[in-house]
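You will see two complexes here that share chain A, one where it goes with chain B and one where it goes with chain C.
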Partner chain A sequence: MLANAPILNRLPVRETIVAGIVVVAIIGVIMAQGMTFGVRMMVEATCYAILALGFTIQWGYAGQLNAGVLGFLALGGYAAMAFSVPMNAAFWNTDLPQQLGWAIVRAVFYILIIIGVSQIHRLGVPKKVRTWATIIVAFILYMMMKSHFVPIASAIEREAQFIGGLGMHPLVGWLVGGLLAGVAGYFIGRICLGLRSDYLVIATLGIAEIIKAVMVNEEWLTRGTLTVSPIPWPVPGPGDIGFLAARSLYLTLTALVVLAIFLLLQRAYKAPWGRMIRSIRDNEISAAAMGKDINKRRLEIFVFGCILMGIGGAALTNFTSIFNAQGYLPLNHTFLILVMAILGGPGNNLGTILGAFLVYVIWVMSEPVALYVMQVVIYLGDMWFAWEPPGNIASRALQSRVFIIGLLITLILRFAPQGLMPEKVKHDT
Partner chain B sequence: MNEFIFFINNVVISGAVAGSIYALGAIGITLIFSIMRFAHFAHADMMTFGAFMVFIFTAMFPGSGAALGIPTPILMLPIAMAITAVLAIGLDNAFYKPLRDKGVKPIVLVIASLGVTLMLQGIIRMFAGTSSRSLYIGERKEIYRLEVPMEGITRPIVITDPQIWLIIFAIVAVVALHFFLTRSRLGKAMRAMSDNPDLAEVSGINTRAVVMVTWVIAGALAAVAGTMLAMDVALQPQLSFFILLPIFAATIVGGVGQPYGAIAGGYLVGFVETLSVFNWSILLRPLQPMLPEALEVPRNLALVGTEYKIVVPFFILVVVLIWRPTGIFKGKVI
Partner chain C sequence: MDNRVRVLEVRNVTRRFGGLVAVNDMSFDVHEQEVMGLIGPNGSGKTTMMNLISGALRVSGGDIMMDDQLISDMPARHIARAGVARTFQLVRMLPTMTALENVMAGAVFGHKKLWGRALQVHAMRQLERVGMGTSAHLPTSALTYIDQKRVELARALAANPRIILLDEWLAGLNPTELRTGIELIADLRAEGRTIILVEHVMDAIRSLCDRCVVMNTGRKIAEGTPAEVLSDDEVIRAYLGDDDD
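After this line comes the complex of A and B, so read on.
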């Protein structure tokens, strides 16, 4: 940690070197690809830094592996879209909003009935009867709920394409996105955090696929495969003040968000709360013996991480200005972030941010490099063996990145498990 | 009664097919879990890899199965099983064993297996592209239509060639595994090691051999499951992410570390999946004349649409984790 350096009485050599590499890499990209491209890459890198910070507090602070960053990211992205896109007059001018509202009221009523039935054991009904009664009632009401929603959803799709946005300031969407992701994380965490850590990986992987499936298929809500664009920016857009200026403003905004999160996390890390979290991670039993509520703290940190992922996802989706549910891919939106965090140093916030920048630069540049290497291979193959390359060579070259990311993960784990900047735990003597 | 035949075709047969595939995958995962104590996420990609090997050999010698009267992919399956088993041992030596020797937490091995997943997927995609392919090259997928000699039934029961093979393979694999685990020395050593690795090592069991055998079984079964899936549907590199969740759900439902539990869990998940996407109103419609006028059978009574099939294993997983985290067969590790 930077702030620890004076106490340890030494210069932060490692930090300076890593930061230097990142700066040189960014300057290199700007020189090669131009300023507007460079700024775009930096905006995306800061968005990824938010996501990686969310990941690192889950994995580095608490040892929870979240393999479904994609899902929380997509929730954030959806909120950013839903709150900032203008209202859809074709939807609000019909009686569909009223019908939808009634359907929601009914759904809430049904859920209350189910909850009520699940509590009848308090009235003296045997527990077994209660369980079966709850299952049957829930089943029937679920089917009824479905039969209410399906015609309304298809009517919306037919008449108005989708329900549209709320036309609010995009930053509202960012916050709500964080909140949505946090709520999703709360339910997953409630189920899995008391169990083996592997179960969380499976469950998060599953919830991410489900969130994506809902966003692709519920066209009335998200416009599905048709995608929604443009999403207005929280800062003046490129149409008003030009590409470079607009992107720079956006970069300022995301950089401020990263800075704020970083400072808060540093404070929390050094505060008694951070010490408690680390003690739970490093020795669960002794932490429990000290009277810490382990599952509650774990849930706290998991939800907190998910909130950051939601905000990061909102910032990222908002920047690309298009909401495309099918564009959320496990490779780009889960494993890339995993690499950033474990390369930068899990549990080290500065390391994670630098790792995010470094990995993102490599990721962005890997596309032209992979294509170039492929062309060289084709050229040599053609020259030496008169080899006929298959047609879709460009798309295959990009698939090699999947392999590279996987290799990177296994190599880091084996040779640098602490990452470039290991977490430094200060010991009082 | 045609509705009943429809039910058999769409639920009994496809449930058995999906269940067999999940069971074959889940056995491997549960064995790895019980011996090495980590969730092996690269398993689904080992399945795709096995299917891909079959595809390569079938493409090299098309039609060679005709001499024996079996589909060529089935003829090539043993080769693919051997290659996948070797791959599994190689992956262990290259990526998991060094980490295990360092004594890392199981969750680090999980991350490593996620990395291996991406590597395998990358290799398959680089060579095969992302399009889907059929394993039947120059051959016809036999479809059997069994007429049911009963009055009022006009539709046949439809079952395809790969589905029959799959069910045969699943039964053979389960019986062989049972005898291996209960009769052979190595199988008993495996059970001992899953119960208590330290005690097993102290009592002179060659733990290295046990680990290797585990990978061989897991790899070979993964190749079978992947090939059967690819023969039944098509070979797609991105299939693995969708099959991962049902397989893990099956493993956990059956109780982690319990091979028989994995089989039961596989069929449970397979049947629940097909039952949930089945449109029940087809079965209820013949009863319409008996019902009162006001009660009309809706057109669609499927629990979830096919696009949300992935929700079913997740739901099962959540239910099991809440009510019985050890699974039906009381798995050891929670």
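After this line comes the complex of A and C, so read on.
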């Protein structure tokens, strides 16, 4: 059943205990906060589980520490919005789509020119000249491209706010979101995977911020800071069948996605491809001596991880029903996922899913628990010392969330550096 | 012997590590179905030479040809697929896998592409060949060092290589195991494989090698049959030092 079980042939004691803790935690949340809240939390936890699975295969299987989960998540979220939001008549009824179409055709033409220039070394031009020629031509053509796009973009923003969606089924957006994140991951991987892992962290961190900055600023595509809502759900929404039923349906959908991804990953783990990945993970030098193409496999892993992040991001954004590019935050959308994967055990898929649930319960409950603790403190302070608390103490208490995540990371690294379900990973360089 | 087919040609190969020249202007040929011994005192550059042939290291200068292919320009994985397999002096197992999985991992890029059941049977036969059939499902971390070396040889054989590089594969065996090991290598030659071995066990060198290349401080100091090179004055000096008087 488990990735490492066939080797050990042991009873899944550890797995059962961790799963038990997760179930008890969820029941606790439901009892404290009610069913509707509990189901919402579980939906979000399943979305985070998809994201964490993407992260865990990159880190656990290939040692790639991707600190830019946020960027791939946002790409998925954008696709979920762009495909499911209704068509914007204010845009399509003008001649702007035609203008935009021509601008895109021009842009493609320019890109072809740039690719052409980057290949002139084949005609005997020295490589140094080629590099400079490519940079200069690319810069000039980029400026020209900008000059076509800027007036169209501002016209769109003026007359129609943004280009709107495509009005398709939201699940199309989920798939395209995965695809979009995968394509972005491919290009980023081509450039960055040659970097040592600590530099990869910095590169991905920066790229995620670039993706976010583009989304915030290209208002004609994303409505920028004005946000897009509501994003229709792939299942009947709360307005049709009520909160609890709609959220339960959504939960069924995301749980099925998690299950499908989990089963596919477990299957791949045992397949020749998975064995190849494990052989590279175990010892790169002997894998190369056995004919394995290490760089290509590493790129594949990176792209697969990004695809999962795109799908997870689409599911998460779709559930909140609002697309707000500025709402993607490193703490909520990168480091939280990182903590989930570390707690669960990097490279262990079941551990990662359970870790996602456990950390998300802690994350969600940190708010009400912190508030409750503060109220107790205020009550006791008033009773014993006639203490007058500062007025904003409630909002201060909410900041404890950051503290709790920091504390959690520290505790994990101290007491369970391999996670709750360690995967036997031994990197050998 | 020289009218045999030449499979590997090492020409003026040099490898520097910063200021240290580990392999200095080495040239030799290896013929089809030959066991060639690469010997010399510790630190003379034998393992570096093996790493250069298998592509684990790049040459700083010179060429290595396999048939008509220039393999010194190729990455290790392409050299492996061209039919060169190796073992490592310090074993490099895949520690999260069983012995059988290790061997299966080695078989996938052999000359024949094997999958599924056929792959398992093939891998199992290689393990039985090196005497590890009963340990196939143990994790490699549970194996002794000697047994790990055997699994590593099975993994190399699984790719059905033309050239096998053995880096001190016989070191540390007891006399019985050594005899079995020598017979196994002789069998591999009889199958038509070419073997280059780095070795310190003189019994093995005398009984197995058709030819030896002796290295000292990165250079070739002698080449010939084991009997010839082991009585060579310079070789004796390299191993035992100068006479004091």
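Points to keep in mind about this one:
The rule is short, and it goes like this: the second predicted complex is superposed on the first by the 390 of 429 C-alpha atoms of A that agree within 3 Å, B and C clash if a C-alpha of one lies under 4 Å from a C-alpha of the other, contacts with A are read in each partner's own complex, and residues count from 1 in each chain.
The working rule: a contact is a pair of C-beta atoms (placed from the backbone, for glycine too) under 8 Å apart; a residue touches a chain by one contact, two chains touch by 3 or more.
Because the structure is a prediction, the values reported are computed rather than measured.
Greater residue coverage of chain A by touch, when chain B is weighed against chain C, goes to B.
In the superposed pair of complexes, A:293 makes contact with chain C only, with no contact to chain B. Look at A:242: by the touch rule set out above, it reaches neither chain B nor chain C.
In the overlay built on the shared chain, the residue A:217 is in contact with chain B alone; chain C does not reach it. Within the superposed three-chain model, A:275 lies in touch with chain C and out of touch with chain B [touch as defined at top].
Applying the stated contact rule after C-alpha superposition, one finds that A:283 touches chain C and leaves chain B untouched.
Residue contacts after overlaying the shared chain place A:101 against neither chain B nor chain C.
In the superposition on chain A, contact of A:407 is made with chain B only, not with chain C. The residues of chain A lying in touch with chain C in their complex are 4, 7, 272, 275-276, 278-279, 281-283, 285-294, 424-426, 428.
Across the complex, chain A is touched by residues 54-56, 75-78, 80-81, 85-86, 88, 92-98, 101, 104-106, 108-109, 115, 119, 139, 155, 159 of chain C. On the chain A side of its complex with chain B, the touching residues are 63, 65, 67, 142-143, 147, 150, 191-192, 195-199, 201-203, 205-207, 209-210, 213-214, 216-217, 330-331, 335, 338, 342, 390, 392, 395-396, 399-410, 413-414, 417.
Taken together, the chain B residues at the contact with chain A in this complex read 38-39, 41, 95, 98-99, 104-108, 110-112, 114-123, 125-126, 129-130, 241-242, 244-245, 248, 252, 298, 300-301, 303, 305, 307-308, 310-311, 313-314, 317-318, 321-322, 325, 333-334.
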